[in-house]
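What follows is a pair of complexes built around chain A, which joins chain B in one and chain C in the other.
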Partner chain A sequence: MSDQAVSSPAPRILAIPGVSVALIGLSLLFAVASPGFLTSGNLSNVLVQSVILLLLALPMTLIIMTEGLDLSMGAVLTLASLVLALIVVSTQSLALALLGALGVGLVFGLVNGWLIAGLSIPPFVATLGTLGAAQGLALVVSDGQSVVGIPRFVRLIYSGETFGIPTPILIGAGFYALFHILLYHTRFGTYVCALGGNRDALTLAGVAWKRLLVAVYMLGGAMAGVAALLMTARINAGHPTAAIGMEFDAIAAVALGGTSFEKGNGWLLGTLLGVLTVGVLRNGLNLMAVPSSVQVACIGALVIAALLIDSLRSTRP
Partner chain B sequence: MNAMTATRPRLDAPPPPRPAEGKPLLELKGICKTFPGVKALDDVSFAVWPGEVHMLLGENGAGKSSLMKVLCGAYQADAGEYLHKGETVEIRNPADARKLGIAVIFQEFSLVPYLDVAQNIFLGREFPSRIPGLIDRRRLYREARAVLDLIGLDIDPRTKVHTLGVAQQQMVEIGKALSQDARILVMDEPTAALSDRETERLFAVMRQLQAKGVAIVYISHRMAEVFALGDRITVLRDGKLVGRAQPDETTPDALVRMMVGRNVDMSYPRNFTEQPGEIALEVKGLSAKNGIRDIDLTVRAGEIVGLCGLVGSGRSEVARAVFGADEITAGEVRVFGKPKRGGPDASVLADIGLIPESRKTEGLALIRTVGDNLAVAGLPKLFPDKLFSPGRARRAAEDLIARLRIATPSSNQSVGLLSGGNQQKVVIGKWLAAGTRLFIFDEPTRGIDVGAKSEIFALIDQLVAEGAAVLMISSEQAEIVHVCDRAYVMRGKRIVGELSRAELSEENIVRMGMHDE
Partner chain C sequence: MSTASDAPVRAPGFHVSREVQQLAYRLLAVALLCAALSFAAEAFFTANNILNVLRQASLLFFLASGLTLVILTGGLDLSVGANIGLSACFAATAIKATGSPALGTLAGLATGLVIGICNGLMVAKLRIPSFIATYGMLWVLHGITYYYMAGETIHGFPPGFRQIGSGYFLGVPIPVYLMLAFLLAGTAFAQRTIWGQQIYAIGANPVAARLTGIPVDRRLILVYAISGAMAGVASIVFLARLNSAEGDIGEAMTLPAIAAALIGGASLFGGIGSVFGTFIGALILTLVLNGMNLLEVNANWQPLVTGLIVVLAVWLDMAGRRRG
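For the complex of A and B:
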């Protein structure tokens, strides 16, 4: 007997407090534990430092909504950042460099999408493979060395201000708005939800969903290319391990934000809150001089807590 | 049983039957469709005229759903012609069929749980806004409201579908089909999940559509609906067209006879004994989370008891609940006099074995060897000291292979490489190794060719002759009739009757399983 459509009660109400409670709770904790936390300078810092993660977490939300995953994002970001650094150092052209970074991202997105939609390889395995490929290529193009000599106009993208607001915050806000419109006001967004929720419904509606699925992964790759620009500007170099493992933070932020790994149940604002939670956690632990390895463990614990909530919600009759 | 011929649903006066004038709106000629091992459709022809309700009848597996899937483009026919308004058309996918105005309401919902009602109704047909690339959301919700008003569904079109109940989801599905401005509407048991009020509302909508010249193809298991709504009736059996009728020229009994037909030539080895033994399984007031309610049944040693009813009536659910695979909410299961609680592990220890419907996913580990599969349920019995001995496992497997005459080169063969019949023997053997005395068979002959079927039944007969008890679920009424000592009939997740050996006939089973309250 086939299991017909779910009729579980709306669990969103449970998800909202989850991530907000984590965000507010952690903020209060650090405000008490570390005097430097609750200053306007530091809070602005948290926002700026969260932008790169947000740029990955936004498309990751869409990918996870399709019941997929992209483990290659950090490695693709790293490779794109190196390509961008190499081009900008040799040509001094930001446009060419950005084009190169986006190109890297789009190619990897296309390969991911083709493996997953075309060859039906499970997303976890497909993107684990491209993770390895991107990481290896990063070492090849950089020869294991940092690419230095990034021009000042690139650095300003991360450290500068526009209209009196740090430029990265504007970039982050702009892309958040873009993804909001994409997910909630376009056909593409509707179909992303349906890709995870019921692919047969799309087939019956005459939608060519395989192409759409490829597009979702290409969007992820392109966003890794955009994030590469900010990453290069931030560390003032192209570095062969700059963003290795960053997909972990991105997936963590999405999961924290209440997006489920099943049935196309996603929530973009939750992802924003999840990104901020990870940002606050890292910033606060930095202020308290907690080593980065322990920070990763803390994020891990938060993610497990979030997934536990997710599974408790989805098993509810 | 007299409800069969009696009441029609509370409805307006039925419309006069429409003569088949002019060209049919849609015509299928000589459709054949074969799946590996099954001829799902064999030279079936079917036509609908504008403004008629065409009832499609048949037992489980008669080919109704396959025919509908060919009609809506989900399946490609292997042979046959597809005509629209008298002209041959090629239907390669559902989108092609939709262009002809064919809309289908499937039993499995085509809804996306985390989109809202409006987004689901217009999935794939979103209204473009003036700003390029965006959806006109105001129009989306306005049009959705209009569709909901048409079907009388009083919910906010912004409600996410997963928060709706099954009946409301069914109504949304109907609204989705109606909104496509369908010329031909296909409904597969649309009222199965609806309340009386919703059913009446649906019928009223159907009449409006009929008046507008929409052709409706309606699959139903409810005789009352067939006679109240139908202008024309087509009956399928075993993938073949067996009859056409008009409601005023036929009777429910005649239709049931057509659906059941004569028996397929097949031998059912069974030596009936007059005196069954002790009570092996006693189920009292059993309800479970999977939906079954108040199930009472007994099975004695030496007996084969059938559990029949339509697909979805709750037969497999009873098996799963008794076996402990689905959670029980009320009632009691006693096995050989002792109360049984807990999951499948407890059932195995209580000498119950389940031979599940989906042999390949639930009954066997396909990539493992015959020997491994034979040993898996019997591990506690074969190795009481909890130490695995490959030699003892192999000897046990070889004994079973010989005893059940499993055709396999060795116990090391992957079980996935065996034929369906031999795979089923491995599943049975697995329980023999576990010392099972109460066997629950769920569709024991599914996907097994005719010769192997008799062999499986011979085996089941041998089991009961040796004192085992068998509860057998089958959609093939002939199997129940020929093999079982008696049978329970289910409908709507409950047991609605028991048929003794003398009363067991396909007609009685179909009648009991279908009749309307």
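For the complex of A and C:
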């Protein structure tokens, strides 16, 4: 794997088995263990519930490909969701509310990018700092209370159907396609690959890579704003701890999907499979009435297993 | 560490090393903070409040001092807060089950130590980047703790045990004595033992350290084990002070602990920092948070301020490095 050209965004065939085996294995396990799992209603449920995670995991893939990390995503999503709820409740305007949520995401993305690209602060520390900031602001703007009274037209975004397909699935598919084009068919995507693999080459080629890096983190923030819309519609409220810790599920999905933390290799389809694996795991454990805390421990264990396999593979000659 | 090799030749006369200079700035910051707070809030410069600040700083220091050793090797331990949660809950259970505070303390320390060793093995043997390995550990520990406690609270411990957290000796809180003891022990370990110096060497240049024959893997496991054990110590003092254990007991302490170490001059790139610096860092952060309390600033602002301080401290470190 180490001999693979880091600048080429080619799918990592070697990584395909790992995550798809996990996905199929878990699906079979739950199909046997709980009768409610393999129904069309439940499977569509898994897809719908995975969309918010997918919206975070897509930009997280790009961020991790630049050898970065964004620990603030869950907290920024929470803050954006509160801002969205406050605006939509007071003005009844979805456009204004979405603008507010996107604004929150973009500002935090800009700050993250500036700290990381401009001041060269290690990504996990910079975003840990902004995580604290976003979490604190979420508590301040909401005063620790839920924002309720979300209008029906917002809720329909999560529970409604378009052309007979649940709307969230269409949104998820649309953004997946968008990121696929962005990563594999634009110059921006090629630069993102180089940001993780060979930053010196970008400097030598005269690319203003610091601005690119800021753009990648701003993309992450904006997607947290989009996810905030679905989150608010789903829980029918703005809640000051709604998505705390969600960045972990996103990082887990990306890691399961075979994107490497150190070499700048990324694989978008792997991230999709990773998101579905986390979704199936959570859904199946829910059906078996396993507490949410144990689900988190299971995902943590799954990630460590994935990293272990990754490290064993890369040390193999 | 860097002064010996790359400091320019200086004219004879009075000069001090960069480390001493940095430490002096931080002590000055403590003095200025104290001065400002005693003007701003009447309640600040009372014996009660000063002892209160020291006691709060002690909890932070236990956590941050172990973390400092990890940061000295160029790593990071994000699991210390979650470690406190699980260690405190296991210690509480052991006290309730056996009635013996000593066994409970042992259970808490052992839990912290085992978690630390697991972190060390993941980092040293499996070569998983430390912040990812300990971040995964954080969520595993949260999961286990919440499942184990199932929303329950364990409370009411023997008075003898509670002395560790809330007792006084000669008018000074017991945790403050513990802090001073660990400060002396930690400084002696880091500055005066071969192992301590090897830890600095690993952070300054891992490749050179390996080539010199330093058993890098074993020293790495050691620092994560110490960090875990210090989280165990913090959990015991915390438990004795609160007199109750809940699942989310240490959750909010990871960021402040990292902040204390970074304010104290520890560099995330390894090789620079000291246990004494972290002690000063813990004091500065506690003074800021205490001042915010006295000035009746909404407690919800605290994570925001702590986050800003972390970023500021790292940025100052980066800026200092660029100047050389």
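The criterion applied here is as follows: the second predicted complex is superposed on the first by the 304 of 317 C-alpha atoms of A that agree within 3 Å, B and C clash if a C-alpha of one lies under 4 Å from a C-alpha of the other, contacts with A are read in each partner's own complex, and residues count from 1 in each chain.
As a convention for this text, a contact is a pair of C-beta atoms (placed from the backbone, for glycine too) under 8 Å apart; a residue touches a chain by one contact, two chains touch by 3 or more.
Here the structure is a predicted model, which is why all the values come from computation and not from measurement.
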{"item": "Which of chain B and chain C A:Leu156 touches, first, second, both or neither", "value": "neither"}
{"item": "Chain touching more of chain A, residue-wise (chain B, chain C)", "value": "C"}
{"item": "Partner chain in contact with A:Ala95 - chain B first, chain C second, else both or neither", "value": "neither"}
{"item": "Partner chain(s) touched by A:Leu28 [first = chain B, second = chain C, both, neither]", "value": "neither"}
{"item": "Chain B versus chain C as contact partner of A:Gly129, first or second or both or neither", "value": "second"}
{"item": "First, second, both or neither for A:Leu269, with chain B first and chain C second", "value": "neither"}
{"item": "Touching partner for A:Leu204 - first (chain B), second (chain C), both, neither", "value": "first"}
{"item": "Chain B versus chain C as contact partner of A:His185, first or second or both or neither", "value": "first"}
{"item": "First, second, both or neither for A:Leu38, with chain B first and chain C second", "value": "neither"}
{"item": "Partner chain in contact with A:Val303 - chain B first, chain C second, else both or neither", "value": "second"}
{"item": "Complex interface listing, chain B residues touching chain A", "value": "74, 93-95, 98, 104, 106, 108-115, 119-120, 123-126, 129, 133-135, 137, 160-166, 169, 289, 311-312, 316-317"}
{"item": "Touching residues on chain A, where the partner in the complex is chain B", "value": "1-2, 4-10, 181, 185-187, 190, 193-194, 196-198, 200-207, 263-266, 317"}
{"item": "Residue ranges of chain C touching chain A (in the complex, touch as defined)", "value": "76, 78, 122, 126-129, 131-133, 135-140, 142-147, 150, 247, 255, 258, 262, 268, 298, 300-308, 310-311, 314-315, 318"}
{"item": "Partner chain C, residues of chain A touching it in the complex", "value": "69, 71, 115, 119-122, 124-126, 128-133, 135-137, 139-140, 143-144, 245, 248, 251, 255, 261-262, 291-301, 303-304, 307-308, 311, 315"}
